[in-house]
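Before I ask anything, let me first share the structure, which is written out below as structure tokens.
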Amino acid sequence: MTLAFYALLFVIVAPVFGGLLAGADRIVTARMQSRVGPPLLQPFYDVGKLFQKQSRLLNPIQEPLLLGHVVMMAATGAMMVSGTDLILVTFVFALASLLLVLAAGSAYSPYSFAGAERELIVLLASEPFFILMMAAICKVTDASTFGAVLASPTWVAFQLPGILIAFLMVATIKLRKSPFDISTSHHAHQELVSGLTSDMSGRLLAYVELAHWYESALLCGFAVLLFNWSIPLGIGAFLVAYAAEVLVDNVTSRAKWQLVLRSTWVATLLFAGGNVLALFVVGR
Amino acid sequence: MSFFSKSPWIFHYDASSCNGCDIEVLACLTPFYDLERFGIVNTGNPKHADILLITGSVNERNIEIVQNLYRQMPDPKVVVAVGACACSGGIFARAYNIQGGVDKVVPVDVYVPGCAARPESIIDGVVQGIAALEQKRKKTA
Amino acid sequence: MKKTIIPFGPQHPVLPEPLVLDLILDDEKVIDAVPTIGYIHRGLEMMVERVEYTEMGFVVERICGICSFMHGMGYAVSLESIMNVEVPERAKWLRLIWAEISRVQSHLLWLGLGADAFGFENLFMHCWRMREEVLDIFEKTTGGRIIHSVNRIGGVKRDVSDSELAAILARLQELAKAFEETARIFASDPSIAHRLGGVGVLSAADALETAAVGPMARASGIRTDTRLYGANLYDQIEFEPVVETAGDCLARAVVRMREIPQSIDIVRQAIEKMPKGEGLPLENKPRGNPVGETFTRLEQPRGEVLYYVKANGTKYLERFRARTPTFANIPAMIKLVKGCDLADVPNIILTIDPCISCTER
Amino acid sequence: MDREPFLARVEGYHKGGWRLALINAASVLTADEAEQGAVDVTWAFARDAEFEHIRERIMPGDEVPSISPSFSAAFLYENEMRELFGLNVTGINVDLQGQLYKTSQKVPFSPSAIRARLEANAAAGIASATMPVAGAPAHGAAKPAAIAPAAAPAPAASKPGAAE
Amino acid sequence: MSSLISFLIAFPLLIGTLLLFTWWPKVRNLIVVASCVAVAAVSIATVIQFGNGNGVFFGLPGGVEPGAALIVSEIAMTAFVVAISIYNRRFFAPVLALIQLGIALYLELAGKLPEADPQRLFWFDRLSMVMVLVVGIIGPLICINAIGYMRDYHRSSPMVKGRRNVFFSLLFIFLAGMFGLVASNYLPMMLVFWEVTTLCSFLLIGYSRTDETIGYAFRALNMNLIGGVGFSVAIALLAEQPNGLDLAMLTSGPVSGVLLLAVALLALAGITKSAQMPFSSWLLGAMYAPSPTSALLHSSTMVKAGVFLLLRLSPAMAGSSVGYLVAFVGLLTFLFVSLVAGTEENLKKVLAYSTIGSLGLIGGCAGIGTPELVWAGVMIIIFHAMAKGLLFLTVGTLENRLYTKNIENFDALLSLMPRVSVLMLVGIAGMFIAPFGIVIAKWAAIRAFLAVPGIAGAALVTIMAFGSSLTIFYWGKLLIKIMSARRQSDYERSIERRISWYEWLSEAPLAIGVIAATLLIGPLSDNVVGPWATAAFSAAPRTFLTMDPAALLIMMAAVVFLPAVAYWSWRHPNYDHADFYASGRSTNNAHVMGMALGGIHRVSLRGYYLSGVLDGTLVFNAGTLACAATLLAMVTAGVVAR
């Protein structure tokens, strides 16, 4: 019963958290660019407006896919906090991301398609890390669920420094920040126009945004797993990491897909893989 | 209550402007004027946009483009003609390839004068565009 | 084998102006690029039929809103050459100062747009904030931010007082200092090096073959600059054109960035060398109608611009033609786009600093 | 025009390290019956401060050989001449198939189009340039020999055009 | 029991012989359909009779000795291989075949071969049961599909001489071989069935008799014979050990010494048959065979014989260096072929790579050998057999309608051929989407690898992380292509109506099977796979059911809910056919856009193949080298153990 309550809590709180985070992000970004920036609640206004706007589909299958994207994103988080096996969570997470790729790709217009293919590449780039991260967390705590990791006396972050470093890098992909925002970004001026959202309008775009909020909250949940001795500390660590991402977003240009794939894989192998290796060799 | 007044997303197309007004539209986004204060985002994509800013007058070749972009914007939508050329053809009205103002091709809701239009007047034009957007929404709702 | 076709332009957020390319891609490698333009073609050259030569200058200024001043100047210089008008010295100096300031303005604008295209929004914002300073100077001295209308056949319309000039210089030098920091970041950022370094390499031989001009050619190691040939008082200025040899996008960016402080230095020299005082003559009005033809070469921010004017003794010119730097640089750009990555296309297009409304007139 | 000597001269510039500066066409507005419909084409080349040009008078129906085999950048000018002046330029390396500019008036810069526009203006009472009338010395004669680039106080390098 | 198994072996053999001389298509179709029904029915009957029992042993009816029959079959098959090789001027295969025959004759004539226990010739347990169901249900479905497929195949390839009697005959002989193989307990008998499947595969790959396919056929023959030689040597070694030739006894627990070497050699045979690197290239060549062949032999059943053997050997090699090395061959293969699959645009080859990868995964599970891992391995066998069989059959259907196997030509398949596409989507989902069995198995495998200590464990987990992600990439690309929709012309819409009933009747049950198995994964695990793993290792696997009922429920809901929503919105297209964004150019919803130089063009989009980052050939060769080295180390480890 309590587990179901946590799941429900995630479904309700996560978008609020994600939306506020996005709003704060825009203000901080604006300040870094010597601007004032929009109000904190701007992301909510935007999504509200998108729901009021006309939605035009290129392909009837787009809408269920995008709905599925939101639902699966929410379900991933809900499953995680309600005690589903963490490695299985990463598989569901990948499925949720894949649905966005399919929604964009099924529009089959040049920019959406290129955006979808690029998103597939960043999915390919980021997924090994998440599996490795979860495997490592499970290994050090000898637990398999969110609750069990939090209850574990092992302080995960101290044992997984390599994973922490790689997390910062791979989270850039999931948060759609420069230099890894190759498939779409929150800034207009890029070679792929709006990338995979190029042909989405109205509520379709709102779904993407909503799912992104869930995704941010989910990543925050991952951070809590890494800083498992205190939930506030985990959230705090995530906010610090997010601030770092915003800074990086502002001081780098967008990378090319080849570099994204290569560098993420190398980081995953070197830092996450190295860390896992150390765990297996030195560990219990 | 509608969210349109809090989140009008703009989209800019250069019909056949001399660049002057285009640059001023872009300047509106930059620190001196910072349109994002009002929740305005330059989307670069008609499918995301609420307000279409057109600079320059239309010529034979871009009539089709302007119409396509306008059609691809989801409702409700507003067109703001920025600068003398977009309003009437401006100084180029006498050139052989110029058809005249943008309103010959798509319905224009707000006219922003000037050669080149100043950022202040462009911002004012967008704000008037928001009012038009609200009205259109009421009509369709 | 099947290829991806990406319709790049006419409306595309990295291009403030419509340029059209059909990009034929394999993965993201550009196999072929089919270009076309014509979306801003107004036919303003033919407006000489209906606009008298005395007023044509206002039309010419509006060939382009970025190099507006230089276009006005080029028109005036052409007509002065045909009609043998001697321009007062202070007016010539003022023209030179404005020309160099508009180079600074244009380069800052370009740098911002370029940064935006490769996903560096912060740099975009900061460049454009600096550019507002320059626009302020223009507004103070000419009354317009973008279109200035101070050139007349035979001189300039208004004076700038000596004290004002000193203040402008101080402001510009402050700007140069602030810009130094930006340039340092630009040069040291690895992500910029990744996006621009080694991308779109134009060899010196190719630059000559494709008739590239201005910073585009200078970045490929060709020491070409119309200002070197001494007209318009440049013979009294000490400067050495900025030349880079790498020929890639980064080199083109660096050339323009190094030209900003250089232009500010030229402004300083000009202010030192120009005749001082109030009420000096600014304009010698031409008499009668022009007869004859001439070519005029000027160094715009984007490179060499060529004007051809043919007058037949009536108040209407017979033929006016502007060959703008972008027109000359487009062949090189198309050559570079083939074989690059899709993500490089915006960088290559933007590092030629395209001005399509100049090109199509 | 004489095709072979022309192309040989162009190739000479190419070999000499000259850059193609401009190809310019200008409709010849004249009352002279023999010259009706003619277009002057100028090929200008630059090498640092030096600036030279070749000028040919193209009569209606004449073929203009493309110089793009020597100067590959010529294609933009040549496509433009073909579209705006209706010149028959042959052998362009990048043939844009008449899609460079899409104008509402076809070949708007051609002598006949100019004549038509000017006559229409006159009929409508719009102030505009006028076509020269035979026998009336309304227009001063252009002095083509005096062309020199204004920017460069050109040394003796500037050769007269071939057509003169 | 014994009579049912004997029927399953003898009946298809008989029908196969009969079909060889049946030249009349209608009669042949009738015989094929009737015998397929019979085979399926008897398979089910066998399983029902087996009930919930643990492994049972039995002999031929009447306690017949197989000895003479085996040696005769070996001589016959060797003679056939030698004859056909010499006819085609290939000389490597006959050498291998003669070596094999030499070993067999030596053992027989020197009297080294101990007498087989006539009551322990066959071994039927839950693993055999799974395999019998796979062979006995999926096999006949594919045979039925082949009726429709081959008709269209010969229509679209008039150059190929029609020898459909041979084709169907071989399919049935193959089924007989498979039944014998999965039920064998006496190793020399298993070898004979093993060689039967090798020969059938060889003949079917070379069906069209072009130079190209004959080359591929011989490549397959050579590589499988290498495994066969390994098998024979293993038998020779085991012949001197007490009860060595009794598979059940051999694999009742960890082995050492000569037995371990023999196990290593048997594993080599398993690795060649399941086309693990360095032997993968034969399976890629086999993709030139007609698609039902690919479905039956090269994905659903025959290559499964290899991993079936590895799973059988799992208790024997678990924990030994041989076991680890087998696991690494499998997982390295999984990783490398997954990399290569992302750079391949021939769909049949992508399916082949995916098959090799899945088999590698099973091999990896078998090599490490814990109850959880073999549980995962059997799960993969079940889901893979159905999903991949289905995919190959649908590709065959598409191939005969669209005349292409290239992924890039499958644009808008969902609106072009909605029914086939849905079948295909089910197959793809079965291969890599979350609630379907293979993903569950992968997850269980990662969990189990976490418990493996030392560098090996870290490497296995890391390989799994990368390999699983790569599958998302290549399947995702295909899904994008299939799901893109556009308006169809009437001609295009008529294509699907020309698909024969044979094809629908075989593909639809497979799709239903994939979904049913997913929904019934709990009972499947509790009653079949779990108990088998428990019996094999004398320890119960910790399966996901004991860990996570809630997750299962959520995902099951997704399996039902998402497609339902998709179907609903597909049928209620209350959307306006918007035109797509093409930088302001004119476009329309028939996917046409304006071009720079005027005119219009159909949208042309090509997926990404990672060119510039991954070179498929290079990766393939690297994988082959790495796996060859591992394999060498494996055999060496066996030799050292001796």
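So that you can tell them apart, the chains are marked A, B, C, D and E in the order they are listed, and the count of residues begins at 1 in each.
The working rule: a contact is a pair of C-beta atoms (placed from the backbone, for glycine too) under 8 Å apart; a residue touches a chain by one contact, two chains touch by 3 or more.
Quick caveat: nothing in here was measured; it's all calculated off a predicted structure.
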Inset, instruction - Would you mind naming the chains that touch chain A and likewise touch chain B? - result: C, E
Legend entry - Identity of the chain that, by mean CA position, is farthest from chain B: E
Inset, instruction - From the Cα centroids, identify the chain that ends up most central relative to all protein Cα atoms. - result: A
Inset, instruction - Decide which interface, C-D or D-E, involves more C-beta pairs in contact, and give its chain pair. - result: C-D
Legend entry - Greatest separation from chain A - chain, by CA centre: D
Legend entry - Rounded Å distance between chain A and chain C, as computed from the means of their C-alpha atoms: 43
Legend entry - For chain B paired with chain C, centre-to-centre distance based on mean C-alpha positions, whole Å: 26
Inset, instruction - Averaging only over C-alpha atoms, locate the centres of chain A and chain E and give their separation in whole Å. - result: 36
Legend entry - Separation of chain B from chain D, taking each centre as the mean of its C-alpha atoms, in whole Å: 39
Inset, instruction - Return the residues of chain D touching two or more other chains; collapse runs of consecutive numbers into ranges. - result: 96, 99, 101-103, 108, 117
Legend entry - For chain A, residues that touch 2 or more chains besides their own: 33-35, 55-56, 110-111, 113-114, 188-189, 193, 198-199, 201, 257-258
Legend entry - For chain C, residues that touch 2 or more chains besides their own: 4-5, 7, 10-13, 18, 28, 35-36, 38, 41, 43, 46, 50, 124-126, 129
Legend entry - Complete list of chain pairs which touch one another: A-B, A-C, A-E, B-C, B-D, B-E, C-D, C-E, D-E
Inset, instruction - Can you check the complex and tell me which residues of chain D touch chain B? - result: 101-105, 108, 117
Inset, instruction - Quick one: which bits of chain C touch chain A in the complex? Just the residue numbers, please. - result: 4-7, 12-14, 28, 115-122, 124-126, 129, 185, 189, 191-192, 194-195, 341-346
Inset, instruction - Sort out for me which residues of chain C touch chain E in the complex. - result: 1-5, 7-12, 18, 20-22, 25-29, 34-36
Legend entry - For the chain D and chain C complex, residues of the former touching the latter: 17, 19-22, 24, 26-27, 29, 42, 44, 46, 48-49, 51, 53, 71-73, 75-76, 94, 96, 99-103, 108-109, 114, 117-118, 121, 126-130, 132, 138-144, 146-153
Legend entry - Touching residues on chain A, where the partner in the complex is chain E: 3, 55-61, 63-65, 67-68, 71-72, 75, 78-79, 82-85, 87-88, 91-92, 94-95, 98, 101-102, 105-114, 116-118, 120-121, 123-124, 127-129, 131-132, 135, 138-139, 144, 193, 198-199, 201, 257-258, 261-262, 265, 268-269, 273, 276-277, 279-281
